[in-house]
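Below is a structure I'd like to ask you about.
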Amino acid sequence: MTDSAPAPFARVTRAWYVACASSELEDLPIARTLLGTPLVLFRGPDGKPAALLDRCAHRNVPLSLGRRVDGRLECGYHGWQYAEDGRCVKVPGLCGEAGKPARAVPRFAAMEQDAFVWVYASPDSDPTEGPFALPTLGDGSVEVRRVVEVESPLTMTLENALDVPHTAVLHRGLFRGGREPRRIKVRVTRTAGGLQAEYLGEARPEGLAAKILSPSGGVVTHFDRFILPSIAQVEYRLGMEAHFMVTSICTPLEDFRTRLHAVISFRTRLPGWLVKLFLNPVAMRIFRQDAVILKAQAGALRRWGGEHYSSTAIDVLGLQIARLLRLAETGETGPGSPEEWAREIDLEV
Amino acid sequence: MTDSAPAPFARVTRAWYVACASSELEDLPIARTLLGTPLVLFRGPDGKPAALLDRCAHRNVPLSLGRRVDGRLECGYHGWQYAEDGRCVKVPGLCGEAGKPARAVPRFAAMEQDAFVWVYASPDSDPTEGPFALPTLGDGSVEVRRVVEVESPLTMTLENALDVPHTAVLHRGLFRGGREPRRIKVRVTRTAGGLQAEYLGEARPEGLAAKILSPSGGVVTHFDRFILPSIAQVEYRLGMEAHFMVTSICTPLEDFRTRLHAVISFRTRLPGWLVKLFLNPVAMRIFRQDAVILKAQAGALRRWGGEHYSSTAIDVLGLQIARLLRLAETGETGPGSPEEWAREIDLEV
Amino acid sequence: MTDSAPAPFARVTRAWYVACASSELEDLPIARTLLGTPLVLFRGPDGKPAALLDRCAHRNVPLSLGRRVDGRLECGYHGWQYAEDGRCVKVPGLCGEAGKPARAVPRFAAMEQDAFVWVYASPDSDPTEGPFALPTLGDGSVEVRRVVEVESPLTMTLENALDVPHTAVLHRGLFRGGREPRRIKVRVTRTAGGLQAEYLGEARPEGLAAKILSPSGGVVTHFDRFILPSIAQVEYRLGMEAHFMVTSICTPLEDFRTRLHAVISFRTRLPGWLVKLFLNPVAMRIFRQDAVILKAQAGALRRWGGEHYSSTAIDVLGLQIARLLRLAETGETGPGSPEEWAREIDLEV
């Protein structure tokens, strides 16, 4: 997208991102920022979503201040109208043809899937592959969606979403922490779409959230996954009793601002409405605690002009996520050598 | 004035600008910014307005924080006193003469005319010509004044004030719009003081404002004028019945902030108080709508680091205003070749 | 401390500064900024104050968001723990030793004296000399402490605290001013720690504050002192009756923000509680008036990109303070040639 200065963060533009929930895009055009670029979203004549650069070709006024007329987007200043492909189709007052190429605005591929509006971050491109498809936990599963905006870069947000050690400290009392630590193993592998960390031998977590989800305990299966370029997924199984998946679809709005669309899916013995009743406040508290610490971390990054990190083996995925994003920025999206990425780590939880 | 960086906007300093309404300048000094330079205005011993750089020569505290003592301006910190020509005339506590040249502050020519305080934007200059003189519509005319501050550069504000096509869209329902468009001609000419656009064959405008001003309709005479460096004037005649002139005297406070002193003069068959009653809310709504869109346009200019305009023939005066201002900035204020500026344009209104 | 850009202001780092009052540092760690560098203060296992760079070595989150555990400082994100010397002593979840050198954070010498927590502004240093020791006015003296934060550089704040001429203007009616000025002498000398100005032949000051302190008048002894790098001291004696000392211990938080810990000591014939009752509102009003003017002066400094000062002989100490600070920044803290600094000045007060 548009920025001539050297990027302090990887900006993967050949990718789909969630721009908004489907329900947010109705008759009025709406403004969204993606990787620092202002976009306007609107629904075309057939109701399908369209995305254009949010800048009228005429006097540069944001098109999101305008309105929708017969599935076209009308600028609020002089009334120039644009089709969903960015062509100018009307210039009120002008005697002559409206649709000259210099009057078009860049358009971004847009589509609806899983009740999200997805936008492809490279202008005037026709991607051959679609966006990430949300998994389902099968019959009887329940889904909750939450949106959080954090004043933090994409990489920090992804690392946080997939980091285990901080949960016992930052979220003390909410799930992990409060008992003697136990040594387990973590196996990291490179997947087709990113990275996976499998936690082996993990004890049933303590704390309020776990008690709600699995009253009787059981064997834990736990996977953390990073899916390029912006998705963090945590999957937990507590015996046969409870299955729990949090898919955090991140959207890098600007270098220091990330929107996180969390899709929380679960299957338990309890009725869904009851779990939601307890889960919602706990989940929102966790998100808020993370948002506070991420903002402070991002503030330090600005203050010191970069990261001054001292990492250890138990920073399981963070550094590899950053590396994969840098590779993806320049187009190297292939899986690389899986052996190069594979690790096994000792961790006390 | 003072700025070493290359100016993104023309800054015409050899010119008079309105600093404030006469009634705003009473016994207390007041602060005003002109082309980015902080000024202090106060009334000298004879009550005439004076303008100095708003920075005490001693410790640089703004003189506008001080007070007026016997027609002199006293700094609020150490009490240094300045005459209306910028000379320091008193340094409390100092044994010896106060009035050394290094203790003077730059002064700006100031005068009162048409109930405005005008300031000349070049320091320590004695301009040979006076400010723009407000025209009058003759006996029976009524005048209304309004002040609007817009977060927008001078050029954008002037273009907006003299632009016809946006009125049917941005001000939809207030004057133009709502019927089939009609093709008319616009004749642009270079005048001694700037530019003039004459609208030929214009129909009586629709909408609320026109109905108030001219209940029975009639032939329309319509001139838009730009008067260097900062005045936009719209003159309308609806038959013999109504005569209407809006003179927008703009003051470029900073690159992205312009103050607009609008003088609305009119003569109609209705009593003045009645016209004002209806006109005031309509005029203020128009100004507010323009202010919102100009701020958004200025925001785009900042975001994109410059204008990315695609203009058409019906952008009647905007580009020429910008060109004249650039010429005037370097001192080329002559009329140039009138033929070079003359154009005739087709327009649907 | 850390800043690669050329400093517009002297930053004397080989010196002690007050970080907070002793009473502000209890069980929770607190954040303080010193010369632009964020510090975290906490009490070690023995209750003695410690100061570290406020940035966790792991993910750079401010340590001041954490908590104190057994006299160690725990980061609020992943729970890394630091000893008072900056060593990392615990990494929760890590199998292996915590205390690697790369996981340490810079520490700053800290100590408690005169009920202040003092911090030495160079990291990882062990200063051989202690901080400035507060003088006492002897038996029967009373002390009042006040904290003011001004949006102003250290040099401006120090000049203001030791400037006599502004008191009759900015603080008009509060102590000086309101009668015919009288010519006195000021003798400036270089002291071991800085500068001293002695006022010779000063009349008993007029105004409310003086009347409260010395109802019957008397010979005035008046010293203004600058003590490197950040202390301004005003000592007044009105006959045998009243002794008055204001020690303003300044802390340069950032280039444009200074915290001033004022210690007001006095001995009068009146009971201490009665003097405090009258003195407090007067002192706070003076501090507020100074804060307003210093902020305006600092704003001018920013606006104009530097000082544009025109000084006179009666700017007694300001320029010399700035010069001494520039010398001290590069390490030249010796007394220099006393003759070079000595001056005698005529002043009307």
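Here the chain labels run A, B and C in written order, and each chain numbers its own residues starting at 1.
As a convention for this text, a contact is a pair of C-beta atoms (placed from the backbone, for glycine too) under 8 Å apart; a residue touches a chain by one contact, two chains touch by 3 or more.
Just so it is clear, the model here is predicted, and its values are computed rather than measured.
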item	value
Turning angle required so that chain A lies on chain C, C-alpha fit (0 to 180°, nearest 5)	120
Same or different residue numbers at the chain A/chain B copy interface, by half rule	different
Computed distance of Cα centres, chain B from chain A, in Å	48
Set of chain C residues in contact with two or more other chains	none
Residue ranges of chain B touching chain C (in the complex, touch as defined)	2, 38, 55, 57-62, 65, 74-79, 91-96, 102-103
Footprint of chain C on chain A - complex, ascending	163-166, 168-170, 181, 183, 293, 296-297, 299-301, 303-304, 307-314, 346-349
